[in-house]
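Structures follow.
Two complexes come next, and they have one chain in common, subunit A, joined by subunit B in the first and subunit C in the second.
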Partner chain A sequence: MSSPRARSLLRLRGLLRKELLQVRRDPSSILLAVVMPVVLLFLFGYGVSLDPLEVPLAVVADDSSAPARDLLARFASTPYFDVVTAATMDEASALLEGGAVDGIVRVRGDFERELLRDGRADVQLVLNGIDANRASLIRNYVTQAVAGWTTARRARGEPAAGPAVVLEPRTWFNPVNESRAYLVPGLIALIMTLTGTLLTALVIAREWERGTMEAILATPLRARELLIGKTLPYLGLGLLGLAISILGGVWLFDVPLRGSLFLLVLCSSLFLLAALGLGLAFSAGLRVQFVAAQVSVIAGFLPAFFLSGLLFDLGSVPAPIRFISHIVPARYFVDISHTLFLAGDVWSVVLPDALALAVAATVFFALARRNVGERLESP
Partner chain B sequence: MNALRRILALVAKEFLAVLRDPKSRFVVIGPPFIQFVVFGYAATFDVTDVRYAVLDESRTAESRRFLADIEHSPDFHLVRMLDSTSQMTDVIESQDVRLVVHVGSDFARRLGTGDPPVVQVVADGRNSNVASVALGYLGRIAARFSPSGADGAGDPSAPRLLVVERSWFNANLSSRWYIVSALAAEIAMVVVMLLTSLSVAREREFGTFDQLLVAPFRAGEILIGKAVPGIVFGIFDGLLLSAAAVWWFGVPFRGAFLAMLAVLFVFVLAIVGVGLLVSSLSTTMQQGLLGSFVFIMPATILSGFTTPVENMPGWLQTLTLANPLRHAVLALRHVFLQGAGPSEVWPQLWPLLVIAGVTLPAASWMFRSRTG
Partner chain C sequence: MSDAGEVMLAVRDVTKTFARATRPALSRLSFDARAGEITGIVGPDGAGKTTLLRLAAGLLVPDEGSLTMLGLDSVRETTALRERIGSMPQQFGLYQDLTVQENLDLYADLRGVTGDERRASFERLLAMTDLAPFTARRAGALSGGMKQKLGLACALVRDPEGLLLDEPTVGVDPVSRRDLWTILYRLVDEHGLGVVVATSYLDEADRCHRVVVLDEGAKRDEGPPRHFHDQVRGRVFAVTPSPASGPRRLQSRLAHEPSVLDATIRSGRVRCVLASSDPTALRAAVDDGDAATSDQVAPDFESAFMAMWRRHGEALPTGRAGAASGASTHDARETVIEVRDLCKRFGTFEAVKHIGFAVRRGEVFGLLGPNGAGKTTTFRMLCGLTRASDGELSVAGLDLRRSPALARARLGYMAQAFSLYRDLTVQQNLAFYAKAYGLSGRRLRERLDWALDEFDLRERRDDKTRSLPQGYKQRLAMATAMLHEPDILFLDEPTSGADPLARREFWLRINGFAQQGVTVVVTTHFMEEAEYCDRMLIMSRGTELAQGTPAEIRALAAGPETPDPSIADAFIALAEGAARPRAAVAGRAP
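On to the complex of A and B.
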């Protein structure tokens, strides 16, 4: 007689073989694990950017003096703006209203006089506020261009109405302030949620719905073995997606990887386990594929997008939402990913977050185990 | 007449399939609403309560007045005072603060001279958007600072060159308006895609599809039966969530209701076409679900729903014209915030009509060829 341990391994091998055959037979799971990361990486890398470039901007010069013209010429010379000169404010307003430009910079008639006599002048800026974030970034560009002009005038010894204090901003970890550098590392959370939660949400519910669960019940397979057999193939697929994301991010989009690769893979595996556990818990608990699919999208995928800090900063959301975000595993992983890619091995960030992921994975698997176990081992 | 009765019977069956099971009944009504509220609050680019630390090497009345201007701003939240530059790395790396404001020892001496003091600001670039916006806030505080004036009041004669701004359509620059006004289209799309993409696949997986085929229904009638619940739930969710945008989130509704209804209707038609196309191609529910995600993800990313289409490279911007969500999002924002009426949304409505005119016949053709 073989030992119970050897028999358990034998049963597990049989189940794994069946799961792998199912994965192979239905190419849609491989599609999700391999093709989706590539498509998402491509779309995120090229399509998602918060950095306005070549903003169409109308300039109106009511004052044709040399300083006014010099200031407005500054806007035309930066890569941030695509300048259209409008003769009157009415003309510029029409352009803004029709969506042809995103902002108007206007220098009023007494600009030179005010600047030279009082040293106090105003530059008027009108923005299309519909896209508020874009508008406030455009505002920053305009303010920077005006400040740059003052500094240049000072350097040339010309009278300037300068600010009393000059700021020298420096952005660590991302000196050129490119949004891609934080979007691509965060994307890994989304890709692994897709593979982890969405794919596994169906795998146990499918057995119930097709009636094959009865057949599994009749075998000596234990609940624990069933969960392991349902987890391992998808863990493999998820890690494949991870490899694609890291390679693509670093080589295609030049995102630096400043921390250790080993730590990143380790934390990613923890997160993937949490995602898989969540999917299996839904699948075993709901038993209807349609419902499990919907719930995994709503409770798995969408929070990973909206409540993880992947795109929207959690520091600025209302306190109750921030509170809810603490139960979203993706939140901890996005934090780890940002830090490992951009800042390096910062233990004070990585350690607590990794611990939270480990707790989440344990809880979700315990939940899945309970949801399966009730019926599998009852007489 | 008979055809109509058959279609009605099919529609009733499809509604029953969704509404009979209490779990799936909840799924089409409950979660969209929960999502709307949670994501309406969570999906914001507004930057508030920026945690920052101060390193003041000047320690003069002037430097304190400058720092008080920052402290009094509602956008910032002072967390720590640092004693040396060596602490800067630690507080930024560990994410205790987002910014460190470093005032040099020559601050007071250079103030008011032709060579103004330079204040160094270090920002955590892990979220570059927060860093840019927060640096912008600081820039405006610095531009308004006057060394001799009272706190916050400013000196009316101090030299300065100010950018005076005004924003149209969204005076407070609240990004919540931007997101929430279009959220109804996004959520309606997810609900409709899931409903329709799984509908044919479910029957195939259960084997009831063959029963349906041998019943005296034409392929077109079966397809209409599958499409109607998607259309009804899609428009219902879209209208419900648009109402919530106005009454819950206080987003202004400046345009015409009719324009919004037309946009939602044509948009949902186009999405139903895509969903049924995916469903016709799928033999299992897993394929249906994954297929719908292959559509939902790119459609969301390339719609301008969260990040502007204008920031994409030119070739990708051209590609987004084929995306129904892009047109719906733009049209809804025009209706809500810019006050568009039926004629003003026409530039978005006709591309949606064209897209629906492609996806619905394509679904029908695929359905026939896969069942015939």
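On to the complex of A and C.
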């Protein structure tokens, strides 16, 4: 008889091979591990954008002078606006009320006169404020457009509209202010939560449902071998999801990767281990696929979606919820991912976050080890 | 390897109560199972058979007492124990999406079988189970019998010294059941293996060396089959029905005699267990012209088992379908279901191939076959739940392909997984289905009263359905299917998972309904239940094996070696091609 160590490895090999065969033959795990990241990537990359482009905007030129025309041409020339020219303010108001445009820029009849007399002039902006966020974004766009025109005129020594001192807004790390560059790195957290928690909980619940868990537990299989055998394949699948996300992000959506790839993979693995540990810990108690799916979505996916800072800025949520967000591992990973993609290897950010992830992974795996035993009932 | 006769499994004072359970699953259970023997664990549903096997494999921990297998404690020496035993859970514990070979490989890896030992083991097991030609086939695509053999092979991959089998033959065809027992005897005789097998087939208890009867977690009795036979020796009789009466009517009459503990139909005769050796009741039946002859016959385990449970004076169901049951007003010979050339394809898979039969009013018609034979698919087409790919189908004179809703109003359907609302009470479930069938006012109340009385549910009317024992659930499901007094009753595997007692009761009830003119179509994988049918269609892999009355089917297998074959014998003969199936077609209905 061979050594206990060799036989342990043999058992592990058996489990791993079985798991890989099942993944290969089961469309649902491929769906979750490969198709889902691609779909999410496209959804978030193309579908969800937090920056409005081609905002329908009405322009009313009561003054047909050269500076007025020059200013309005500036709106037409940016990709942010889809300009509709209205003859009168009344016509523009009707468009706004009907929802055909989101805002009105009006250049009054005394624009050129005022500009020549005072060296400055006012431009009227009317916005549809129903969606306050969108309205404020549009106001920013308009302000920037006007500011751009002012600067250009100043450079030529001509009088300009707007205040004499022009603010120069600048957004750090995401200079083009594309939300995509911000969303895609965060998306990795979602994708890996899916493969880590949901897929793992599902495949183990399936073994309970089909009675195969009882059959393999009745063999000399040890709990730690079962844990490793269930972790490694899905760690691999999760890293595949990561690779798809990174490639998609960098190539399709031009998201910069300013930090080191190695560090990103390392931190992702840590996060993935935490997600896997959570899935494994759930699975011992949840022996029905339906329940496993529900619990992993509620306790895994939704927190990663809402409490990670991926979509909603954690700085502006109520304090109790912000407090809760500290126990969501995705929060730390989204932070790391944003930093590594958009800023670089900022150790002061990455190190504490990675440490938090390591703690989470350890805690969840300890839980899983306690729950996944060699018997049918948890101790 | 342990010596034959040595204690392989010692169960001592074992008590196990699950969380949230009202009574222990096992209480103070003690017995020995020996090496070189097959020990059968028998008992009604919920008796604790599965719990016992799981405890023995160390999958569960007893609250009190101990289980020692091969000298190893099931709790403290679990891993060492698992190195030396093989076990097969219900549903065989196979990975459906892995092939036969991949399943074997996995279990060989898990059990540490390598090199030459591995090759030799695979060769031996594949030869033993006849699975060698199918190594590349996925386990999910195997027939029930082949799955069972593969499950067994996986449990045997490393020559265990003890084998634990949990209901290894459920839903498996008679040929595979016979083969499994042949294999088990060989393992026991040649290798001195000790086997513990839980079973709900009472005829299998007769094949064990020793039987332990469990009842609500406690040991009711224990001993070799002979010990049980002795309990009813001299009290078992076979009564031949008179040509005018037929076995079903005679069985119904005798079952309701106070001195008869059990009556069942076996090979066209009614087999009775009497409370005493005084056959007065049987003689009365002969005198009345219901029976022709009655003979004392050798007892079997089933007789003893049924006698053990039948309490004196306990009311048996009579099967009153209801006051307005349509039968009497119709011609009793009328054909109510006609099926011609019925086919069903799922993609390239042909689930049902050219099935044809006809059922007359008041007949009990059985669709028989092992799991995967196409019974349920045929059934769903009959009820208008699935469209037929091809063929003609008329139920109650209506073409199901054109007017399924109309036909459905006249039939009652009891699905395999009972369609009951688990969180509603018995009364609420009944009321819901009654209203769904459009009953209201006085008629609604009448039918609810009928259901509570006929199915003996009154005491449990306010209990949540989820808390009912399996037997009650089955009764409730049948009651809901009959509230609207259907002319035709479709029952899909109504006795699957039911214990022998519940199955007896069920057939008595069906018997009563049929006598009142309700047409019953029923599927079952219990071959012996075919005796209760007027006529039957035996299916295997989507095709017809034979069709006819129980007597006609049995006659197919009659020969010098089997002068008195059972339906299961006939199935084996048909499946192995020894009998010519078409011989029975002569008995087909118009």
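In this text, the second predicted complex is superposed on the first by the 289 of 379 C-alpha atoms of A that agree within 3 Å, B and C clash if a C-alpha of one lies under 4 Å from a C-alpha of the other, contacts with A are read in each partner's own complex, and residues count from 1 in each chain.
Simple rule for what comes next: contacts are C-beta pairs under 8 Å (C-beta built on N, C-alpha and C of every residue); 3 or more make two chains touch, one makes a residue touch a chain.
No experiment lies behind these values; they were computed from the predicted model shown.
Subunit A has more of its residues touched by B than by the other of subunit B and subunit C. In the superposition on chain A, contact of A:V288 is made with subunit B only, not with subunit C.
Look at A:D313: by the touch rule set out above, it reaches subunit B but stays clear of subunit C.
After overlaying the two complexes on the shared chain, residue contacts for A:T219 are found with subunit C alone; subunit B is out of touch.
Of the two partner chains, subunit B is the only one touched by A:Q124; subunit C is not.
When the two complexes are overlaid on their common chain A, residue A:K18 makes contact with subunit C while staying clear of subunit B.
Within the superposed three-chain model, A:F323 lies out of touch with both subunit B and subunit C [touch as defined at top]. By the touch criterion defined above, A:R7 reaches subunit C but does not reach subunit B.
Of the two partner chains placed around the shared chain by superposition, subunit B and subunit C are both touched by A:D26. When the two complexes are superposed on chain A, the residues of subunit A that touch both subunit B and subunit C are 26, 210. Considering their complex, residues 54, 57-61, 78-79, 82-83, 85, 87-98, 102, 105-112, 114, 154, 164 of subunit C touch subunit A. Touching subunit C in their complex are the following residues of subunit A: 1-2, 7, 10-11, 13-15, 17-18, 21-22, 25-26, 210-212, 214-222, 374-377.
Only residues 21, 23-24, 27, 31, 34-35, 38-39, 41-51, 66, 92-95, 98, 111-112, 114, 116-133, 135-136, 138-140, 142-143, 145-147, 157-175, 177-178, 190, 194, 198, 202, 205-206, 282, 284-287, 289-291, 293-294, 297-298, 301-302, 306-308, 310-313, 316, 333, 337-338 of subunit B touch subunit A when the two sit together in their complex.
On subunit A, the positions that touch subunit B within their shared complex are 26, 28-29, 31-32, 35-36, 39-40, 43-44, 46-53, 55, 96-97, 102, 115, 118-137, 139-140, 142-144, 146-147, 150, 154, 160-175, 177-179, 181-182, 194, 198-199, 202, 206, 209-210, 286, 288-291, 293-295, 297-298, 302, 306-307, 309, 311-313, 315-318, 320-321, 324-325, 335, 338-339, 342-344, 346, 348-349.
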